[in-house]
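In what follows, chain A forms one complex with chain B and a second complex with chain C.
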Partner chain A sequence: MSDLWNAIVKFFTSLRLTVVLLALGIVLVFVATIAQVRVGVWGVHQHFFHTFFARWEMGGVLVPVFPGGYFIGGLLLLNLIFSHIYRLKFAWKKLGIQLAHAGVILLLVGELFAGLLQEDFHMSLNEGETRSYAESFRDHELAIVDTTSPDHDEVVAIPEALLARARGGEIATAGKLPFHVVVKEYLPNAGLGMRDASAATPAPATAGLGQTIVAVPQSVKSEGNSPAALVELIGAGGPLGTWLVSAQISPDSPAPILRAAQSFDHDGRRWRIELRLRRDYQPFAVTLLKVTHDIYPGTTIPKNFSSRVRVRANDGREDREALIYMNNPLRYRGLTFYQFQMDAANHNSVLQVVRNPGWTLPYVSCALVALGLVIQFGLSLSRFVGRRQTAVSAQP
Partner chain B sequence: MPPIRALFFFPAMLALGLAAGCREAKVTTYRAPKDTAPATPPAAASALPADHPPIAGTPAATSATMATTPVPTASGADLKWAAPANWQLAPAAAMRKATYTIAGEGGAKAELAITAFPGDVGGEAANLTRWRTQLGLPDAPAADIAKSVTRIEAGPLKIALADFANDKAAPPARLLGAIVPAGDSTWFFKLTGSPALLEKEKPAFIEFLKTLKAP
Partner chain C sequence: MKKLLPLSILLLGVVYLALVLFPPAPKSDFNLDGFSRLPVLLNGRLKPMDTVARTTLLMLQGRQRVTNPDGRALEPTEWLLDTLYRPKLSDTYQVFEITHPDVLALFGFVAEDGAGKKRFAFNQLQPRLDELDKQARLIAQAEEQARQDGREPPDRNAFQRAVMELRSHVILYDRLSASLVHPASADFLGDLQKFQTGLDAGRAALRAREAGQPHDEAAAKATLDAAERFGFMAENGYLRAIPPAAGDPDSDNWRNAGTALIEGSGAGADGFADRTYAVQLYAALGRAWATQTPAVFNEGVQRYRPTLAGRFGDRLAKTDAETRFNAALPFYHGMVLYVGAFLLAVCSWLVWPDALGRAAYRLVGLAWALTTGGILMRMWLEGRPPVTNLYSSALFIGWGAVALCLVLEKFFRNGVGSVAGGLVGFATLIIAHYLSLGGDTLEMMQAVLDSNFWLATHVVAVTTGYAATFLAGFLALIYVFRGVFTRTLDQATGDALAKMVYGIVCFATIFSFVGTVLGGIWADQSWGRFWGWDPKENGALIIVLWNALILHARWGGLVKRRGLMALALFGNIVTAWSWFGVNMLGVGLHSYGFMDSALFWLIAFVVSQLALIALATAPGVKWRSTAA
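Take a look at the complex of A and B:
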């Protein structure tokens, strides 16, 4: 056991391991940068960095071909931690190196935190519009909304992953709805087309837009998909109907026919059913006051994009304005709002909303590294000056 | 044996693993404020301005994918009409049979979008509800919505003309919309823009609808 542990320690404290891992890291970053052209930024994250083995598509199948980001980063982290414990014996005169080392370890842990816990959303606002939720970039949810109250909606949100899992069966809503939800069909990516009215077979949907529109399966893409599903609702007295829900049936759709809300009445209450981007509601509301898109005079080169927003907390404890522009995000209640996209002609701005509980770690680790280096160089300098003074005073 | 001090990071790793595992998909319920409808056509809202560098590592193509979804428009012979002289025919746009822009006093603008789709496109009630949603008006019973509809006839064509206004929107919004079943298709004439300008143009819009002719 002791021999085995010694071998492990020797392996993980090896400087050679550090060099090999850094070299592998350089190759990984280079290849991923090239692959970004083909699979996009999100695809690169998934296929190269947020994985133990980098995968390359061969004949439609992703094959592991190289150590991935978690593999290289994880080993590098272990390498640093083992070196920290076994190589660097604690001594005041080595405090600087210890601190700098701890800073780099924290940086790697911070990236791991971000990879595991960070969530990205976006918030699209027209001037004058107020929203209290951000939307996921790619995850969807089936929302069954009780719209009876004139003041608010009661929402039951079912993540897309559960739709995929329940395909052909019922989703356990545990008494949250007065009817059962059965997923008759789920398509991870689908286009919509008009149904052929002269078709011999009846429409699979018996209510809503699905009577005139059909979902056509499409291949799943890494840059984002538009799912669709056939959902049957069954009340105590029998089936209420089968609806075609699709991410493309939305008030934001460019096709007018797809902007209609699919509503129905049941048991004296008004309901709406929709498949939409996953929403993340906040205890505050953001209003877009003004979008600004400046260009350099006489050119079309962009100079500045900014969004002036008003943030109002539901509890009334906060009501202030903020200007969001590139490299100047708004940080509020654990969220960071970045200027993401803009369509100044239509007075529209899209903010990227990021929740990263470990967002301070890179700053803390950089400060630790800087402090460590200052202490280390300071100690060396004082030793050097001390030796020099001794040498001068020793001269005849 | 491994020294005890080497084990300090394992609880941290375990905590990270558990934190990641807690994000399992589950059904959630919550109370939310009412949705507000988009005030401008959102199709263009996803695009970066020309020459804009990419800002962050997230897919921006979602809306573009939706915009390219094939939704067939009505084929076959088109309706014919005569538009007032002050209505400016705009360049052809995807999904539309025609677009007119109307300029009013003080920079006020309105736009008439003409589209046609096969079948009844969900029926009159569903489309009226859709228009109300676009204006940010709340959901209402079909009987109440029907009260906003005027019936007009242009030869054999039966036209349902709806007039919706949302004074509480910022800026206030108004929509004059006509639904015209013609043959196997349904035609939609949607006039939106400055409420004052729409009020002024409403008689001209009704006259315009009366000039509609089936092929």
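Take a look at the complex of A and C:
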């Protein structure tokens, strides 16, 4: 046992392993950079870095061909930790090396955390508009909204992942809704088309837009999917109907017919059902006051994009204005708001909203590594200079 | 004699610089210097006419030198004046560079038709310009079609790129000649005066005509014709040479002459004179230049400048300094000094190591001080940290690497630092020269890059990392060359080189790591993600990983001295890839310069480095220096 453990320690503390992993890392990063031209940055994330084995598309199939980012990063992390414990016994002389490697460990761990915990949303606002939620870039949710009250909505949101899992069955809603929700069909990516009115089979949907419109399955892409689902609601007195919901049925749709909300009445209350980008509600509201987009005179080079916003907390404790522009995000209650896109002609601005609890780690690790390397190399340099001067002065 | 050598070489260098950095004003009866310092707004920046002349010539023909058909060399400003005011003459100057054989064939040229076998005059091009337009249209149509079909437009081949480039040059030249006077007008100042005299009558006639009342048709027509000519100039004029109106709060609102004329026309005859003062003055300069009457020209220049001094005084200080800076050509003369230093240092390995070595060291120091001055000057002109684009990165990489060389030479005193310094200094300035052919090198920063703090920290640190990695590679190159081909690499020099390479790799590791992580932090600040696997970020990361690999391989005893040299040589490839290769991919946020002619040189460089690595490591190679 202890022989085996010694062999493991020997393996994981070896500099040879470090060199091999660094070389593998270089090859991975290089190939991923080249591949980015073809598969885009999101594809590179998926196929090269956030995976144990890098996959290359061959004849439409992704084949694992090389150790991936998790594999190399993970082994490097083990290599570092083992070396810290077993090889780099603490000594003042080695303080620099220790600090630098601690910094690299922190950097790797921080990246892992960021990969697991970071959430990205966006918030699209027209001038004068106020929102208290941000929307996901990719994930959707089924929202069943009680709109009876004139001053607020009550929302029950069901994540897309649950729809996919419950396909053909019922979703547990823990009694939050006065009816059962059955997912009769779920399509991860679908286009919409007019239903052939002369078709013999009845429309799968019995209420709402689905009586005239059908969803057509499309191949699933790595980004920009538009899901659709057939959802049946069953009350105490029997089925209320089956609705076709789709991410393309939204107030922002270019087709007028798709802009109408799908509403119904049940038990004296007014309801709406929709499939939309997942929303992250905040305990505060953001109002876009003004967008500015300047260019340098006589050029098309953008000089400045900025959004002046007002942030108001629901508890009334905070109410202030902030200017968000390139290189100057707003950090507020654990979220960071960045200037993301802008359509100044239409007075519209899109903010990227990021929640990343580990955002400070890179700062700390950068400082640690820099300090460590400066100490380490500074010591060697001063020793070298000292010897050199002795040698020069010793010359006749 | 030997004792005085280092000092006399240094003095020689200083005298050389004193002579070339302060060239006498060009001999001419015209106040060319005064005109060349007049400000215009172009590409978002107020710059002197001199810069416009030089950068335009560089873009058109890859050099600033231009001769008229009689073979007399013209000052860049003289060429600009002829293009602005005597287009018929300037059409005979051979300033359009064409090298692609198929484009030559398109015009029915053989290389011998052109000056230097590649430069042609506008007059030579003119008969076949329609054909050029047709080719450009075909390319644009194919690309538009692809876009409509939802496809990526196909990559342009070398012929298509050459066609599009030449066409853009012809358009630029045309637009330049519509900047200050109407290109078809024989006497634009006279036209303006006539227009002004008839303006009130013309406006009245136009109003009457609109109301369907009797009117002076000739007056109406004259005013409309003039307005049409102004409209042409407003649309095509390239230079924004007319300062913002006196009451305009936006001091960047410089306009071209056509726009100012249209605005002025709305104010009636009295207002017109007032509001188009600068246009009329430039038209007067044009008449004086066209008729070659220096006294009138010089008086015009003299009179115009004070009208700007009040509002734009501090900016005139910069445009004046820039004109001086352009004429001094510090980076060109730095190149000359680096070559001299390199040769001296190489000679020091053969004879008089001490005297020649010190002479070379001082010459490198002088050249480095000169480039330092040049870089500081650019920073002041731009109000930015040293590295803002590819061109300035080349300057800075050279500067940083040579600084390290000076430190190495101070410690080791074996000529290696001077040789490497001369070599790297020269090479980076040559690269910078070719990068400057794209146009003005003092560019405005995109909004996303507009952050002096990050430009000063992340960009400077990463660029220093590039510089150090390159230097380690060049030191290894010296080691392999001397070891394989000469007997001069003795034990002491070999030890010293190994120490140098190791030290420089350590230095490179610090800076490339810190620079790369700072880049991540910048990205976190501006885009909300610490690391995005953008190609340029990846390039920097690869440099960090490579330097770390060299250090760990050495610490682990996996490589000996020759292996270390081979790894450092490969560092050259890694850095060249990161510096230029990723830009050629044309994706990502950092793809600010797509350059394809550089691709050939990049490949050639990579092959040469691979050959050296093979030389350093192949078992069969006989090293003439046995100690290595």
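The definition used in the following text is that the second predicted complex is superposed on the first by the 372 of 396 C-alpha atoms of A that agree within 3 Å, B and C clash if a C-alpha of one lies under 4 Å from a C-alpha of the other, contacts with A are read in each partner's own complex, and residues count from 1 in each chain.
Heads up, the rule we're going with is that a residue touches a chain if its C-beta (ideal position, glycine included) is under 8 Å from a C-beta of that chain, and two chains touch if they have at least 3 such contacts.
From a predicted model like this one, the values you see are computed outputs, not experimental measurements.
Within the superposed three-chain model, A:Phe305 lies in touch with chain B and with chain C [touch as defined at top]. In the overlay built on the shared chain, the residue A:Trp5 is in contact with chain B alone; chain C does not reach it. When both complexes are overlaid on chain A, the residue A:Ala370 reaches chain C alone and has no touch with chain B. In the overlay built on the shared chain, the residue A:Val220 is in contact with neither chain B nor chain C. When the shared chain is aligned, chain B and chain C each come close enough to touch A:Gln352. Using the contact criterion defined above for the overlaid structures, shared-chain residue A:Tyr338 touches chain B and also reaches chain C. Using the contact criterion defined above for the overlaid structures, shared-chain residue A:Val156 touches chain B, although it does not reach chain C. When the two complexes are superposed, the chain touching more residues of chain A, out of chain B and chain C, is B.
When the two structures are aligned on the shared chain, A:Val65 is found in touch with neither chain B nor chain C. Counting contacts by the rule stated earlier, residues 41, 45, 120, 301-302, 305, 326, 338, 352 of chain A appear in both its interface with chain B and its interface with chain C.
The part of chain A that touches chain B in the complex is made up of residues 1-2, 5, 40-42, 45, 81-82, 85, 109, 112-113, 116-117, 120, 122, 124, 126, 128-133, 137-138, 147, 150-162, 171-174, 176, 191-195, 197, 208-209, 211-213, 223-224, 226, 247-248, 250-261, 263, 270, 272, 277, 279, 281, 285, 293, 300-302, 305, 326, 338-348, 350, 352. Chain contact summary for the complex, chain B toward chain A: residues 1-3, 5-6, 9, 12, 16, 19-20, 25-52, 55-63, 65-67, 69-72, 94-95, 113, 115, 117-122, 126-127, 129-130, 133-134, 138-139, 170-171, 184, 188, 190.
Contacts from chain A toward chain C in the complex involve residues 14-16, 18-19, 22-23, 25-26, 29-30, 32-34, 36-37, 41, 44-45, 49, 107, 110-111, 114, 118, 120, 295-299, 301-305, 325-329, 336, 338, 352, 354, 356, 359, 362-363, 365-366, 369-370, 373-374, 377, 380-381, 384-385, 388. Of all residues in chain C, those touching chain A in their complex are 41-45, 240, 252-254, 411, 444, 446-448, 450-451, 454, 499, 503, 506-507, 509-510, 513-514, 517-518, 520-522, 524-535, 538-539, 541-542, 545-546, 548-549, 552-553, 555-556, 558, 574, 582, 585-588.
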